[in-house]
Every structure is written in C-alpha cells, then in structure tokens.
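Look for chain A in each of the two complexes below; its partner is chain B in the first and chain C in the second.
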Partner chain A sequence: MSERIHPLALQAADKLERGRISRRDFLRYATLLGVSVGTAYAMAACAPAGAPAASEAAAGEAGAAGGITRGGTLRKGVLVQPVDHPARLSWLEGANAVRLVNEYLTETGPDNITRPYLLESWEASDDVQTWTLKLRQGIKFNNGDELTADDVMYSFSQWLDPEVGSSMLGLLSYLDGMNSVEKVDDYTIRLNLTSPNIGVPEHLFHYPAVILHRDFQGDWVKQPIGTGAFTLEEYIESERAIFKARPDYWRMGEDGKPLPYLDEIVMVSVDKDAAVAAIQAGQLDTLFKPRPSDFLALKDNPDLQVKSVATANCFVVRMRVDQEPWDDNRVRTAMKMCQDRQKILDLSYNGEGILSIDAPFSPVHPAYAERPIPAYDPEGARALLEEYAAEKGVDLPLKVTLATKNDLSEPEIAQALKELAAPGGFEIALDITEPNGYWDRWTEVPLGITIWAHRPLDTMTPPLAYIADADGAPVPWNETRWVDPEFSEKLAQAELTLDIEARRQIIGDLEDIMQERGPIGNSYWTNEWEIFPKSFHGVIAHPSNFDFFYAVWKQQ
Partner chain B sequence: MTTTTAPPELESQPGRLNRLREALAIVFSSRTAVVGLAIVIFWLAIGVISLFWTPYPPNAQLFDPNLPPSAVNVMGTDHLGRDTWSRIMAGTQVVLLKTRLATDPRVVIPGGVAIWGVIGAVLVGGLLGVNAGYRGGAADQVIMQVLDAFIAFPVIVLYLVIVTALGRGDVIVILAITVTGAPGVARLVRGLTMDIKTHDYIRAAETRGESKWYVMLWETLPNARGPILVDAMLRVGYAIFAIGTLGFLGLGLPPPDPDWGSMVNDARKYIYSNPLAILWPSLAIATLVIGVNLFADGLREEITRYQR
Partner chain C sequence: MARFFLRNLFSMFITMLLVSAVLFFLLEVAGGDVTVRLLGVFATPAQRDSLRRQLGLDAPAWQRYLDWLAGSDWRAQQMTPFPLVTMPNPQTGEPGWWAVVDDTLTRWRLADGELIAMQRTAEGEETTTPAGDVWTIDDAGNAIFWGVDVNNNLVKWVRGSDVDVLVLSKAGVRSETGGPQQYIPLRKGILRGDAGMSLQTNRPVSSTVFSRAANSLILAGAAFLLVMPLALVFGVLAGVNEGKLLDRIITITGLGFTATPEFVIGVFLILIFGIWLRWLPATAVFLTGDAIFRDPKILVLPVLTLMAAEFGYVSRITRASMAEVMQSPYIRAAFIKGVPRRRVIFRHALRNALLAPITVIMLQINWLIGGVIVVEVLFGIPGLGAYIYDAATFGDFNAVAAAAMLTVFVAVLTRLIGDMLYTYLNPRIRFA
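And now, the complex of A and B:
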C-alpha cells in the first residue's frame, strides 16, 4: 500500500521547490506531519539543491514588498471582555488580549504543528508518561525579571489549584496536582504523568495556559506582567484596550532589531456588524473571527486581503442514542445519508471548508486516515427507515425535532437538512433558539446541532465526547450518550501512540466505527479567516482564531 | 286603521344591505381609505393566491444562494437558494391569513397572526377598559394601575420576556401582541365608556335592572365600536411591525416557513453581498403597514365627519 502524503507536506514540498523554505525546515515539517523519513528525503531530493531559506511568513512577504517597515497602529474590532486571572480565561476574545502580553510554553501553528515557544525543547519518555520541558534562557518579563522554572512552577500551581477554577485543571487530569510537577533546575521542569498522554505539548497551548510571573496576584489588568511583545497601556471593559510595543522583547525581527514591528494595537469593543461597516469606512483594520456573511461582505474589497485556514471546527448533527428513534442505528445511518455535504457547505458556509465523514477527525489532524466522502442517498435512507417503521409499527415520515442555536451557521444547516431529509423519510421540525437557549440544554436534546471547536490533535475531541468515565457513565460532554467498547479501546490505544503512521491506522479504524454506527453527522470542517488591509504583512490565520501580532508589520 | 308588519327576515335584509352600503360609502368617500384598502386587498390577494400557487415551493432550495433578480427569480434568491418572491408571497399568509397551532398533527386556523393578535388585544383590552370605565372607583384604579405598569415597559422588552419564557410559535407571537396591545385598547375603551355611561340609555338600562355585565357588553361596547374599529385597524399595522421585529430579533415565527421579519433578519447578514434581498421583505412590511394605516386614517376621518 502506498504511503499517504499529508496535503500540507505536499504544499511544503512546493515551497521547498520555490525556495521559500529550507531543506531542513521541510524535513522537520514533513516528518512532524507523519511523512516517513525516507519519503521526506526522497521528496526533498526533487527540489533544487541549496534553495535559499525564508522561514518567516513576514520575511517572505518583505521581499515582495521591498523591505519591512516599523511603526503604525493596528485597530481590531473585538469585544473587550472582563479579564481577571488568565488561568480562568474562558473566551477567545479575552485570551487574545492577554496573549499580546503573556506567552505560552508551546505554540501550535496554523499548520497544526506544535513547536516550542518559551520552551527551547521538550522530551517525552518512551512510555509518554514523563515529559521534560526545557526553557529558553535569557527571556525577560516586561518588569525586567528573567523567566525561570519558578515562573512555570507558579503557573502550573495556578492551573492545578481548584480554587482558581481554571479549565486547565480538567485538561491536565493526568497530573496529580503539583505532586506531578517537578522543578529539575532553573530552566527545566519535569512532568510525571499518572497516565500516559501524547497531547501534553498541545495542552500547554490551551488558551488559558499563559505563563505568569511568580509574583502574580490574580488580576491581570492591574498586574499585566508577561514576556510578550506588547505591554498593556489601557483596558476598559466593553470600550477599548490599548497595547504598546515593548522595546526589549526577546524575539528578533528580520531587520536584526527586537520585535514587534508595530507600535500599537488598539482593540475596539464593537459587534461584528459595526466592525464590518467600520472596516469598509477605514475606521478599523480587522475584526475577530469573521462570520461567513462578514467574509462575503469583505472578500471582494480591493483594499483588503483575506487569509484562510482549514480547521477542525465543525457543526455536528448529533443524535442521542439513549432515546428513540436514535437508539436504532438504522435511523442514525439514515439521517447521515440525508446529508448532501457539498450543498450544506455551500448554503451554510459559502463553500469555505473541507467535506467530512461523520467522524471527529479532520484532514488537518496529523493522523487523519483518508476515507471516501459519503454520497447523498435519500433512497437508501428511506429504505432503512421503511425497514425501521415496519418493525416498530410507525408511519413515515418519521417526525423528529432538531434543536440548535441561531448565532452562527446552525440555522442554515438545519434548514438545508430539513429539505434534504424530506425525501429520505424524515419530517424535521426546527427548534432554533438564541445561543443560551441551546447551551442550557445542549447535552439533553434528542437531536441537535452543536458546534465543536478546533483541537489540533486527533485524539483530543473523542475523549471529551464519545467515551464513558471510569464508572461507565458517559463523560459530561458526551451529548449523544454513545459509548462503544471497541471505539473506546482503540481510542485509548491511539492516545498512547506517538508514531504517526501507527496512529493513522488506529484512527482509520475509529473513523470506520464512527461511520458504521456512530452518533453524529458532520458534513464539513469550516475554514477560518483573517481579513486585513493589504498594507499589513505577516498576518497569520490561525485555526483557533488566536492572534499573533509580534511579526505583523504595516507598509508605511 | 290597520297596520301590517313585515316579517322580520324581510325587514332585516334591506337593513343589512343599507348598512353595508353606508359602510362602503364611508370608505369610498375617502380617497385615503380607498388607497389603503387597495394596498391591503393587493396583499390579501397575494396571500390567497399563495395558498394555491407560488412560482416555486417557498422552502425549496432550488437555486444558487444570493442570486440577483432575473427572469427565473424575479426578486432573486435568498442565502439558502430559495426564491424570494415565492417566500414574500407565502409570508403574507402568516401575517394575514393563517395561524399554525403547535399541535400534533399541526392544525391551521384561518386568520393571520397579526389579525388574531389584534383580536386578542381588543378583546382583553376592551373588557378591562369597559370594566374600569363603567365600574369606576377601586376597580378602575387597580385595572388602570396594572395596565399603566405594562405600558411603562418598553414593548420590545415585553416581547423578549414573553418569547423567552414561553418559546416560539404563532400562538406565542399572538400572545405577545395581545399583551402589548391590550393596555392601549383598555385606555381607549375606558375613556369612551366614561363618556357613554353618562348617556340616558345607560340610565334606562340600569333602571330596568339590567346586570352590570349586560350594560357593559350590550349597551356600552356596541356604542364605542367606531373608534375601537379604527384603533384595531391601526393596531394591525403595529402587529405587522411586531411580527417583523420579533422575526428580526430571531424570536419570531420558527423557520423555515417564511415570515417577512425573519427574511429581513436573514438578509441583513448578507446586506453587502446581496443588498436587494433585504429590500423586498422590508418593502412588503412597509407597504402593508402603510396600507392598513391609510385605511384606518381614512375611516377615522370619514367616521368623525359622519358623526359631526
């Protein structure tokens, strides 16, 4: 069987051929993406020798633009939310403000690869139960103190303290509090996991996981001490936040001086409709997480550039297997067959996404195993429903109610599915409420559409949603109550498998189980966009909508 | 001298006809009312036609999304590739012609949500107003204080409270229109009642020993019907706005069946890429509200002149 090449690896090979990345960069990148070393070397050999390196996006654009210029202000339309303790962050908008001042140990890039950030490197033991984290040396906080293991230990203590209430506590459930976190020396920390886990580097980039100063008292607005490229100048909730460039940031720019290139970031608290109008009037430069309608409104503006990135964000049509009629796999399968995936993507997301296969694994995940996209098959669905109806003595069409919320693309998906499922034998009534109306009952409704956020690793979403806890009860976010022993067993295996090829085999099996008897229909994975004036360079569209502005520069 | 009495049925026929003729004469003597009536009849006709025929099924996603007007789709298509004109036509039904009850199987009753909403407001407001006006004293104080408290709330807040508490659906929207409209009707009816109860025929009824309810329902309310009718017509316009507002806030009638407010809300998201899509349902709401208001204004002018 021939080896599957990750699409991003093919793109990287193209970049290598055109001299955009170095051979070493390509090999590291390709192997991280699961391409075997032999194949990666063979691919690299096809490129011209001695291709010049240009690893930074900003630098690549600098060549075309005639050199990086420093200075300028970036104005972003985003809700300026209340922020106190960064470990308690629960919204991306607030996290993006904090991220300008504070930084992470690791960084998962838009290519979905996790690299060291404040760390110099990490090392996992063979049984992936001991992780050694080595800090970069010489990094200074904006108050002049040097970053050491003490700051990292303090940050871990905050994440793991139930009194603080950080979502990191659940994510790092494989740590036995601070008993599992060990300071080896001033720049080394060791994590002794109670159970093996391959997701540690990704977890250290969870948005509340910014590294705090060892003297942090609990209110970031009053004490904005961090290692980041900007300092907090002003933070007025629901109005604005102003950040100024820091002169002694540890990263260096292409011009040999410390980053950032921009002088100032201004966040203006406006809703998205107002932000779109302000961008068109030139009063703002960009907005947080454009919606499909914002994308449509701005994409053809000649003064703007749109950067898009594929993600593992999705809208899942999920069925509760402990309730009729969804306890019958024929009904679940019939519903899945009623998805005309391309049509649903076109109608609800402007065609901006990748088609999916009813499993929580996206092509952007490193160990994704490719499977054919199931066709729209209302006749097949009807045949299954007729069999079910005859056995149960019920009449077709089968009447079901689909619940969801009305703020993103869910109403469009629901309405499209209602029409598509009618010839398949379903009569779907829609119960669409405002977001809180759905979030109050998202785990309870028999049939619903729930948004699931991007997670960079293939083994991160399934343990949240499709397994049982130690007592055999579905985990709290298991909204479908679907627990399959074979799936759970293979998932546990995948969580221990670092080797991408071996993990891809297991993930392939998990995808097959999900397609055969799983509880979700998932038509597509969304793209995310960053929309900026063309005068800005080095803009990165991140699948989790994380802002990275330290290397963004503005053509003066 | 002998007198002959015509059988009642023979006597009432010319009476009813005469009254209809008089009513039409009032309408047709006002140019404003005629224009208003023409607009309302236009939309009623569109609604009736849509019960049997629309160019395409209003909920069918047959075309590309956000298409501009063309020979195939005279008003273009919406964000889900549905024919906008077909949806505008069908949207008339829920405003003026039919109400869907949340029963299983679903029952549809004649009369649109706006019509039932106004009937509800007039019934509730009328009963409360006539009681307050006729009984006076403590009853008047209590009823009017409570209703004033309702009036003190912004209408949109009341809509939000009702829809959030009770959910979505035609009957809920009718209830929202009733609750927000009843205090205004009650104030009007109370004022009319306080005037009417000074008349001799009320004294006569009381002297005959009629009950208070008889006097209120059979002697008072029928004599207040002219202003109440005009107010009700105006309220149909407010109700159409209310349905539009609720739809625009995403709290109106549940999708996918079209209602104009939801159509405006959906199209608003695509205003930069498909600006015409927001225009058509907005125009539909505006013309129907203007039509109803012109009709009511014309009627009021003529009735007032007639009464003078």
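And now, the complex of A and C:
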C-alpha cells in the first residue's frame, strides 16, 4: 500500500536531512500531518519500521519479563470526582475514570507523538485546512452497537454546543460549529477549518474529547456507554469507582486475546498521605499525581518502580495587571527578578524539574526557542521598585499579599518567594487556603500562584490565558487580565505557521515579549511520576497524568 | 420511670427542632453562593439567578425551612389538580416525583417551545406524547400550566411568553422562550425522612449519608466499647491506689496518650505496625462498600488511635472521682466498721464514683461521632466527619444539614441515655 505523504512532511524531511530540525521534531510533525508512524520513522531513516505506539511500547517489556500474565486488580488512590457530561470534564481525575470506558479518536503518547486510535488514519489537505478522519471499522460499544460516524458527529455536536459548556469549544475555535463538520460516509468525517491548523489530531486527544454513543443523554454515571476496555461497575463520588474488564474489547493483546490484561480497576478516594501509607503497606498499588513529598517517601522503596517524565506543568506566580501595583511593568519585572529559580525548584520540588523563563512555553514543546535562564537579581529588583516608589510616593518595602492553595508545592514556593523577594523590596504576606478556597477566587486575587497543567502544544495554553476575546474582554481564564496586541497578533500568526523553523522564530518572539512585559513568573516545569509495584508491567508516565491501563499487566 | 422517659423524649424532640432551626439559619448566614460552585466562576449573574430559582433559593428563608422540615408537596399540591406522588426510579431505585393524570404517572418537559407529556406505564416503560391543551388562563390573561418536570420540581410554564428563561439541564444551562417561570422543588421534608438532593452528587442525600454514618458509627462504636471498660477499670484501680506506683503508671500513661494528638499516634501506629512490621493493614482503604465486614483488620489501627485519645480522659476523671469518694466519711466509716475492702469499693464507693465519668463518657460519644475526622482522613476511612467537611466546603446545604442533624440526634440520644443511667445510679435525680 503506497501512502500519500503530505508535501509539508516532505519539506520537513528535507530539513531534517540538512540538520535544521531535530529527529524528534520531524517525527511529531510528520505524524501530525497524517504520515503513519512507521513511514515517519522510515523517512527519518531510522528503524524500527513498526514504531512503538504508546501502548505497544509498554507491551514490548513483556518479552523481557518472560510472557504476559492476565488477571488481577489495580488499586489506585485518586479522588472519585462527580462526573456528568464527559464533554464538560475539567479535572484529570474524572477524566481518568471516564477514559477507562470511553476512548479518543487519537492518542498522544508520552513521546509527544500523536497516533490514530479510534481513527484508522487522518489526512490533511495541502493547505492544512481540510482534515479527513477515517474511523476504524468493527469497533463495538459496550452495549453492542457499532461505532460509526454518527457517534463521532454526535460527539462533535456536544463539544461545539455552547450550552453543553465544553472546553473543546474554545480549543476547536477553527470550526464554525457543526457547519464545519461533515459526515462523508459511515466511517469518514471531514472537518473544514476556517483557518489552517496543524494541531487537530492533538486537540482530539484533549481530555473532554471522548467519543460518546449517539444516544448519550448527558449523565455518564447513569449511561456509561463507550468503546473502552473497561465497563463501569460502581461509581460513588468521594468514595470509590470500580471498573471491570470487557471481554470483547476491540484491541488485541500480545497473547492474541483481547485486551485488557487486568480484570479490574478500583479507584478509591483517599487523602494522599493515607494513599502513601497504603502503598507502603501493599493495600493500594498507586496514587494519582504523586506530590514531591510522596515521591520522596516512595522512591527508595525496593518493591516499587518509579517512572518520571518531563512536562509543561508549572506553578505560575501571576499578577493582575488591572490592579495596583501590578499594572506597572517595573513592579512585575521586579517580582520576576526576585525568583532564584534553582533554589525555588530545590525547595519546593526537590530539584525534580527543568528551569523556566517566565513564559508559558516549555522545552518539551516542539517549537520552544531556547533562552538563557534569568538570574536571581534582588538589587536590580530593588532599583526598579525604588524608581516606582519614588514616582508613586509610596514607601518601600512594597506590601503585597500572595494568595495560593495548600496543595502540591504552592506553599513552599510562596514561602521561598517571600524570603527571596524581601531583599528586592517586597514585603509579601501569605494568604494560603485549602484548594477549593483558592479555586473559588483564582481569577480574582491580585497576586497568586496558580497551577497550569501540561498541554502538549506550545499554542494551547496562551489562547486560554493571555489573550482577549472577540469583544476585547480578557478570555475567562485570563487570570492576569494581561492583553498585549503584539503578543496576540504573533500568537495568532504562530497558530497558522506550520513550518517548524518559522514557528520557532515566532515562539521566540513571544517568549521575549513575556519576559519583557508579561504578567507571570514561573520558575520551573515539573516532572511527573508514576509509582507502581514492580509486579506491574507496561506502566506509562504521561506528562498529562493520563492513565493508560488497557495494556498494563500484573505478574501473577 | 416511663413518665420520666416520655418527658425526656419530648424534650429531645424539642431540642432537635430548635437545633435544626439554628442550624438552618447558620447555614443561611454562613453558606457561600452554591451556584458559583455548580456553574463555575465564569457563570453570568443571570445564569446564577436562574439556577437559584430552580433550586428554590429565591423563596424566603422561613419558607425553605418549612419545606426542608415538613416538605413542599402539600404547598405544591394546591397549584395543581393532579395528585403528586413519588415513585422509585427503576434504574437507580431513587424516588422521583410524578403527577397522576388519569391514573398514569406523568411528567412534562419543553421541546422546541412545545410542552411534551412523558408517561410511565405500569410496566415501567416511558412514552411521550404532546401535552395537548392543558393550559389554563390566569388573572393576567396568560396561558399557564403547573406540572412536574424531570428534575423533581413543580414548574409553572407560561405559554407564548417571550421572556427568555435560562434552564439548567443535565447538559448545562440553556435559554428557553415561553418556558418555565416559577419552580417549587418537590420534597417530603426531613420529618418524613426526605433530606433532599445533594447538590454535589445530584443524588438523594439519604442514599449516601447513611453508609458514611454507618462507617463512622462502627469505628467510633468499636473504639468506645473497647476503651470504656478499660478506662473505667484502670481509673478505679488508680483511684483506690491513689499516690501509689500503680496510680502513677496509669495516670502518666493516660496523660501521655491524651496529650499526644491523634494524628501523631496514628502516624506512629501506621509506621510501626503497618509499614515496618506489616502485622496490620496500615490504612483503612475501602475497596468495597462492605470492606469493614470483609476485612475487619483494617479497623484495628484507627480504633487503637481513637482508644489512645479516649483512654486518658475517662480514666483520669474516674480516678479523680474514685479518689474523692474514697476520702469521704462514709467510706472511712465503712472501713472502720470492718467491712472488707473489696466490699467497700464495689458496694459503696463505685456507684457514687461513676456519676462523674458517665457525663464525660456521654460527651465522648458526641466527640467520637463528629470528631473522628482526623482519624478518618489519616486512615482514609469514608466516614461522616469527612462527609460533612466535603459538603461544607462545597456549600451542599442539604448534605450538611442532614449529616449535622444525624450528629445532633446522636448527641441528644446519648444525653437521654446518660440521664437514664444517672437516674438508675442516683435516685435523687429521679425524684427531684
């Protein structure tokens, strides 16, 4: 079978040959354009021909371990959140429960490469404005119905319906509602974009984007119909959720029988400290998103394995530019200069991360442009603040209140910043509440530390947080109210730029703008961990903390 | 004695009524805006307002209190000629409200501006038909209809109204024209056993709160039954041996346990017995709802933690009380009279010495029911303390109120039992 190769992919291959882009960049880029993973590896002139998918990579361990054994229960400590409409999912814990039952059209693996999943393949037109999605045939929902284009059309209609309130709506801003989604035949869907976008396959793996059954009514707990490897047995919010293996799942395991290997998955709502104790005592197998303290407590345990992955998760010290004193760029810059990044990383995250540059672009992003890490400069900060204070007639130290939640590493960052910023001329009072107390007001506080989750593409976070809507008002999640015409313009340009080098150039400009006058300080990008007993094989650490349990197996 | 019991029962009922009123108004004053939690911080004021109406929060507080206490169906029944009844949902078993029209269970909903009637047949099947001409003309000349919707509200629909109304459905908030204009959330009231819907889970509070309360009750009950005899025995032993080595050992041990916070004792127990020695489950992770019965071992460490905290209080008050009684003239007289020591202690001293500990013991039960939250969180037990905490931070007023009333009930019940024991031990109270 000869495969049509997108012209942009051919250009990219040329650049790879001349050493202008990295092999990793090329693989990601070519696969997004619909080049199959095998072909992309072949074009990059490096085997393996049948390149490992996220799940297959894990299954590869089986040979080494001497054969897969089936059965067993995986017990995970994770908050069992209320879930109703999957399109409205806005938390990872709930999404990880849903993804056991429902699946996505695509899958972005831990290698940041997106592969078809429920899709057999996709194809982008030469101008990357028309996308043809081809569904795999013969996939059955757990109620016996076959998955067809109607289910996908229904799912799109839910994501694009403003009344449903899905975060997919903002992500798929290049679609003009259902006018842009077209059913070609029972297994083919065409997306006619209003502007070119290369991110479509990645967007289809955004966590609310599970494919729903065409008769879905809006409450997943009552109607857990999906194509996934597990069925929902019991779901009690804040207590537990139980999932059982489905006998007729569409994907085959290494042993030639249908996946999954595990019989059962149990999620239990427990406090993380209790979960850590339970893991040490063998009562639980793993926990959701271990905190640095949990990592420290468990990493040297001889019975456990730890997998870590670099991410674009960060804790952002964000300043509201519509409020004094943060409306003045000198004050914002002074605050940024007060970060001793390495020290903050060491104190709050045990050094497990990569240093950052006060911009929402991480080295894991494909078009990241490298910039030097700014040094800790309290004298420079003090000079700026003195200038500001003299002009405004206020006294130093400048008294400000830093709000955040007592959750992962925020209190440590807040405490470190308080000390580091004192010689710079800030007197920081801390206002640390339990998580809900902060989420109730995260967009409202003048100065706060907000966690921003990993997103695989560099142009995914900024449109959520650092631009205005069509009417010129800051978008809902723009917690800083910072809107910069040049930034917005270049960001829009970056979204349309497919050439990797040109894109990197623009992202570099965006980084410079953020560093020069942006509203955030972020010291580092975190690592994430998956911690499991050594008897579990095929565990994947994903930067988004997504669970991939369909190919996990337990040594019996 | 029976009269005394009935009088106490009556005062218990009055106490609970008063407490419920205070509780309701405290929640009223202290509770945040739950619509923000439900709709998110980006909801517009109009959306919040609409949701508030659908939750019946626009009604005056006294009205809502009465609804909560005694139900709203009798009030709603005046609006509609069709009898309002509850029927369990065949899938979930949770009760839902229906109107009985010509012996058929019926609800209504709006689809594209037209009112649709949904009937449930005797076999449990649901059919839909256009509602037809159900409208009546009110004083203002509008065509109106009161009917039950799918969310257990009695709703006033106004036909042809061009007022846009925001409606909260399972799929979010949408606006409808000519739609529902007024809501009465249907409920039977807590006096008839209906605690309302939990806003957090969208399920009846009663379907979740009892399993949580049962977990707490088993935990607290086990700790109570084990620690009380121990504490009393050691307290008496210390009291009769006042100042001797045995007394010192018991007192210092008790004091040490009581002075150490539960979470410290708990962590040490987890580390030593759960993780290092691996003799006992470190935490009480509930892999199934009935985990306590399947694997009672998971309760050992939490119960020990609670016992450690309890032991000191009760043994020390018993000791003090016993020591005091042992000093009293009538005991000295008994000794001088030549009554054997054993007989003096058991026949004469003990009964009087137990009066003070009983008060403490009864108070400890209250503490155990509501105050086990630290132990629950530490060991991961899904109990009532954690339930109230979650509900309160969400603003789930129905859940908080129901759970709080449960603890109040336990409190007044233990007071009643305490009073009965008192009278048994001390006839003076009975006849006072």
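In the analysis below, the second predicted complex is superposed on the first by the 481 of 556 C-alpha atoms of A that agree within 3 Å, B and C clash if a C-alpha of one lies under 4 Å from a C-alpha of the other, contacts with A are read in each partner's own complex, and residues count from 1 in each chain.
By our rule, a contact is a pair of C-beta atoms (placed from the backbone, for glycine too) under 8 Å apart; a residue touches a chain by one contact, two chains touch by 3 or more.
Here the structure is a predicted model, which means the values were calculated and not measured.
A.B. asks: Following superposition onto chain A, is the placement of chain B relative to chain C best described as a clash or a fit?
C.D. replies: After superposition on chain A, chain B vs chain C: fit, no clash.
A.B. asks: So if I put the vertex at the Cα centre of chain A, how wide is the angle out to the Cα centres of chain B and chain C? Nearest 10 degrees is fine.
C.D. replies: An angle of 40 degrees, rounded.
A.B. asks: Quick one: classify A:D346 as touching chain B (first), chain C (second), both or neither.
C.D. replies: Only chain B; A:D346 stays clear of chain C.
A.B. asks: Applying the touch criterion given at the start, work out whether A:H85 contacts chain B, chain C, both or neither, answering first, second, both or neither.
C.D. replies: A:H85 contacts chain C only, not chain B.
A.B. asks: Looking at the overlay, what does A:E434 touch: chain B (first), chain C (second), both, or neither?
C.D. replies: both
A.B. asks: Based on the superposed arrangement, let me know which partner A:G165 touches: chain B (first), chain C (second), both, or neither?
C.D. replies: second
A.B. asks: Considering only the touch criterion stated at the top, classify A:Q555 as touching first (chain B), second (chain C), both, or neither.
C.D. replies: neither
A.B. asks: Regarding the shared-chain residue A:T132, is it in contact with chain B (first), chain C (second), both, or neither?
C.D. replies: neither
A.B. asks: Would you mind checking which one, chain B or chain C, touches more residues on chain A?
C.D. replies: C
A.B. asks: Across all Cα pairs of chain B and chain C, what is the smallest distance in the superposition, given in whole Å?
C.D. replies: Closest C-alpha pair between chain B and chain C: 5 Å.
A.B. asks: From the superposed pair, tell me which chain A residues show up as contacts to chain B and also as contacts to chain C.
C.D. replies: Comparing the two interfaces on chain A, one with chain B and one with chain C, the shared residues are 273, 280, 434, 437.
A.B. asks: Quick one: in the complex, what on chain B touches chain A?
C.D. replies: Counting only chain B, the residues touching chain A are 59-61, 65-66, 79-81, 104, 164, 168, 250-251, 254-256, 268-273.
A.B. asks: Residue numbers of chain A touching chain C in their complex, please.
C.D. replies: Residues of chain A touching chain C: 75, 77, 82, 84-85, 88, 158, 161, 163-165, 217-219, 222, 236-240, 242, 266, 268-271, 273-275, 277-278, 280-284, 434, 436-437, 440-444, 476.
A.B. asks: Which residues, counting only chain C, touch chain A once they are in their complex?
C.D. replies: 32, 36-37, 41-42, 91-92, 169-174, 200-202, 208, 270, 274-275, 278, 281-283, 285-289, 377-380, 382, 386-387, 390, 393-394
A.B. asks: Which positions of chain A touch chain B when the two form their complex?
C.D. replies: Within the complex, chain A touches chain B at residues 273, 276, 280, 291, 293, 296-298, 343, 346-347, 399, 406, 411-412, 414-416, 418-419, 429-434, 437.
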